[in-house]
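For reference, the structure discussed in these notes is given below.
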Amino acid sequence: MGDVSIFLQHLTNGISLGSLYALIAIGYTMVYGILRLINFAHGDIFMLGVYLTFYGVIYTPLPWWLVFILAPLLTGFIGILLEKVAYKPLRGSARITILISAIGASFLLQNLGIVIFGGRPRAFPVPQLLNHVIKLGGVSINVVTFIIPAVSILLLIGLTYFTTKTKTGLAMRALSKDYETASLMGIDINRIISITFFMGSFLAAIGGILWGSRYPQLMPLMGAMPGLKSFIAAVVGGIGNITGAVIGGFILGLGEIMLVAFLPRLSGYRDAFAFVLLIIILLVKPSGLMGNKVTEKV
Amino acid sequence: MREKSKTHVTLIILVLTILGLFLANRYLDAYKIRIINLSGIYVTLGLSMNLINGMTGMFSLGHAGFMAIGAYTVGILTMPVSMKQMNFFMQPIVPFLANVEWGFLPALLAAGLIAALFGVLIGAPVLRLTDDYLAIATLGFAEIIRVVFTNTQSLTNGALGLKGIPNYTNTWWSWGVALVTMWFISFLMKGTYGKAFLAIREDEVAARAMGINLFKHKVMSFSFGCFFAGVAGGLMAALLGTIDPNMFRITLTFNILLIVVLGGLGKIGGTVIAAVVVTVMMEALRFLDESIDLGLVQIKGIPGMRMVVFSIILIFVVIVREKGFLKRTKGRELTYVKN
Amino acid sequence: MLKIENLDMRFGGVVACNNFNGEIGNGQIVGLIGPNGAGKTTIFNVVTGVYKPTAGRILFSPNGSEQHQLTGLSPDRIAKLGVCRTFQNIRLFGELSVLENVFIGNHLRVKSDVFSTVLRLPHYVTEEKRLYEKSLYLLEKIGLQDTRDEKASSLPYGMQRRLEIARALATDPKLLLLDEPAAGMNPQETKELIQFIREIKQEFGLTIFLIEHHMDVIMEISEKIYVLDHGVLIAEGNPSEIQRNERVVEAYLGVG
């Protein structure tokens, strides 16, 4: 019995971490789908989302739930701004060039974070509602562990509805399938790209809030590792593919938690797990689990 | 005629460098000498990354990892036996390394060779990937190396790092290696192998159609780059005397990338100048991060401001250059999966 | 020289080439024509190893005695065996100089190892000198010796096409594949091109396989012509046979 309950505890932890990776990974995958660009700064957008929430809750009289909605929206607009400043001027340039700009943007946000928010860690104000432990059988689990996957699933349903049923969503998919044709068909590319960045950043900020509720320590560099890992999740699932990003997120989250739980000797290597997985996937199936093979035109 | 005048220019530069170093050693204080040393090391780093990223057109972000390999190699090999015992108090060092104490030159060569070996081992599987995938995979490897070094207590002393590495690096070493790197890379790029690297950068499909074995040449270029990154890491270890895994984070790679971008992808002279300028600026702009006491007024520094400035410079340079004279339209090609 | 047997090439559900058979004899000039999207370039891509065919095989015998199976080999191996090409959408090394472009074509025949190139050992310096002379000779051949130090991408279109041919010649091919060499050329230039192709064929002992839309070029120069339509071979024969062939006329006029 004890073994089962411990396993269940790890499983819920894994699912919860996996949903967080999935939420961030979606932003990577959507942007990559359209622009073929690794938005290196995405992890730092996630960090901004957490800090905005932190300041909103602590320094404004607004109720926490309103801040939890407003901060992601604001983060979404920062995402749009990021694209306009760092990526749009380079549209059509060699990919290395854009990638360098993306890395620059990532460092800029991280260090702006240090300048504005200070380098010292802060404690995330977790609302009481999310932060109490319940006992289920022999397992004691923090409510937030359940809320994370629940919120993620709701957002995913919303996102799926958006990309399959709305006109904008369809345009987005058309653009990621065939950029040239779609741009000839009168789709307003700039608008779609802005919306993509908005949504990706919005989801990352929600992921950030949930992350903060789960691991309530804030640092300006906190986005780097989750960002990289979520990107890996997107690649594992097949970049450009939203379902793939979610699957990849869960594989990564569960894998990490289970590695630490069942091979404690290797727990120091936790951060290496994602990268090892990435390299294996790239070698075995570079297009990812759900991705399509793309053949180069000559 | 052209060849001859070029040789003259090279000789003049060489003599001026030697003279400059001689004068510097005589008249400058330790702090300035340190900056000169760092500049030399960054010249080597910038050139080695430019060989991979600028001249061969691969996009590697693994430099910090290869530097770490080089730094630890030199650290472990040159450290006196007694010092090793003091360092490894948590867990003794593995027996086969406990009693070695090499000279600096063999240790540096070993640093380069081991880094190059890892370059081949890592490059062989991942260099098939293009642009962004390669970037993320090499970044991943650098992270893995860092995580491994943090965990292999009996080999690297884990998170504690190594202290008391003999300070062999002086201006002759740092700039001597920089000159050797300059010479190696410019001669390499002059010959047919270097031209083949350029061809790969320009157009992989056409390069293969001209009989260039992509894999072989990419691994070659990559391992040369790793060799010099390893040597530079070794120089860095012997300059600082203290190393730990956290020194070799992606920030370090970012600094080198900045040098490469400022100096110009594929440009040797530009990289050398950019390496010196960036190193000096990194020091000169330190006031942005730290408080300075000017007697009457105190200027309060803001931590992180320096890197903000550098990030903005990087983005700005990339955008201006792209808008200016580097016009290429390969942006939207779907080149990330090879059949 | 080259024998293509039952070649199939599919991309997902799209059939780019269906059961193609063809043969090119030593020293021949063979044309490949067809409307846009007929699958001509696909055949070139399969022969040069850019794509691996779905089915079928390609046999290459550079001198009659030895025979190589090209299917499954990488493009660089195929180039080493003596098959080189130009590209329909010009793929020069744009940022490099005209001379460098041709010089790079020599690389696959270089015998020195990389360290002797860095140390500039005497045997390499001699080899390099010879290769530069050869490259300059090829540039002279195409009339580009005066632009040797210019950036390849800065050349006018027609010159770029000629430069691609010179670059391919530097690899010492036995079989040269030309993908629309006359595209974008005026009648005068086209005339010179025909002359030029004949010349290099003679001088370097080449066999030539070419795709072309200019019918006058194809009809004048080819000994044999294959006609493709929608990935299917619809006719083969000498120029006069092809000109009389009804299916070819239909395919080109879009009837049926």
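Labels for the chains are A, B and C, by order of writing; each one numbers its residues from 1.
In this text, a residue touches a chain if its C-beta (ideal position, glycine included) is under 8 Å from a C-beta of that chain, and two chains touch if they have at least 3 such contacts.
Only a predicted model underlies this, so the values are computations on that prediction, with no experimental measurement involved.
For subunit C, the chain whose average C-alpha position is most distant is A. Once CA atoms are averaged chain by chain and compared with the all-protein CA average, the nearest chain turns out to be B.
The interface carrying the most C-beta pairs in contact is the one between chains A-B. If you average the CA atoms of subunit A and of subunit C, the two centres end up 48 Å from each other.
Subunit A and subunit B have centres, each the mean of its CA atoms, that are 31 Å apart.
Centre-to-centre separation between subunit B and subunit C, using Cα means, comes to 42 Å.
For subunit A, residues touching at least two other chains, in rising order: 295, 298. Multi-chain contact residues of subunit B (touching two or more other chains): 205, 328, 339. In subunit C, the positions touching at least two other chains are 50-51, 87. On the subunit C side of its complex with subunit B, the touching residues are 48-52, 74-76, 79-80, 84-85, 87, 91-96, 100, 103-108, 110, 112, 114, 117-120, 124, 128, 131, 167-168, 170-171. Here subunit B touches subunit C in the complex through residues 184, 187-188, 190-196, 198-199, 202-203, 205-214, 220, 328, 339, going by the rule given at the top.
Partner subunit A is touched in their complex by these residues of subunit B: 53, 57, 59, 61, 125-126, 129, 131-133, 135-137, 139-141, 143-144, 147-148, 150-151, 205, 250-251, 254, 257, 261, 265, 302-308, 310-312, 314-315, 318-319, 322-323, 326, 328-339. Across the complex, subunit B is touched by residues 36-38, 85-86, 89-101, 103-105, 107-108, 110-115, 118-119, 179-180, 220, 224, 228, 231-232, 235, 268-269, 271-272, 274-276, 278-279, 282-283, 286-287, 293-298 of subunit A.
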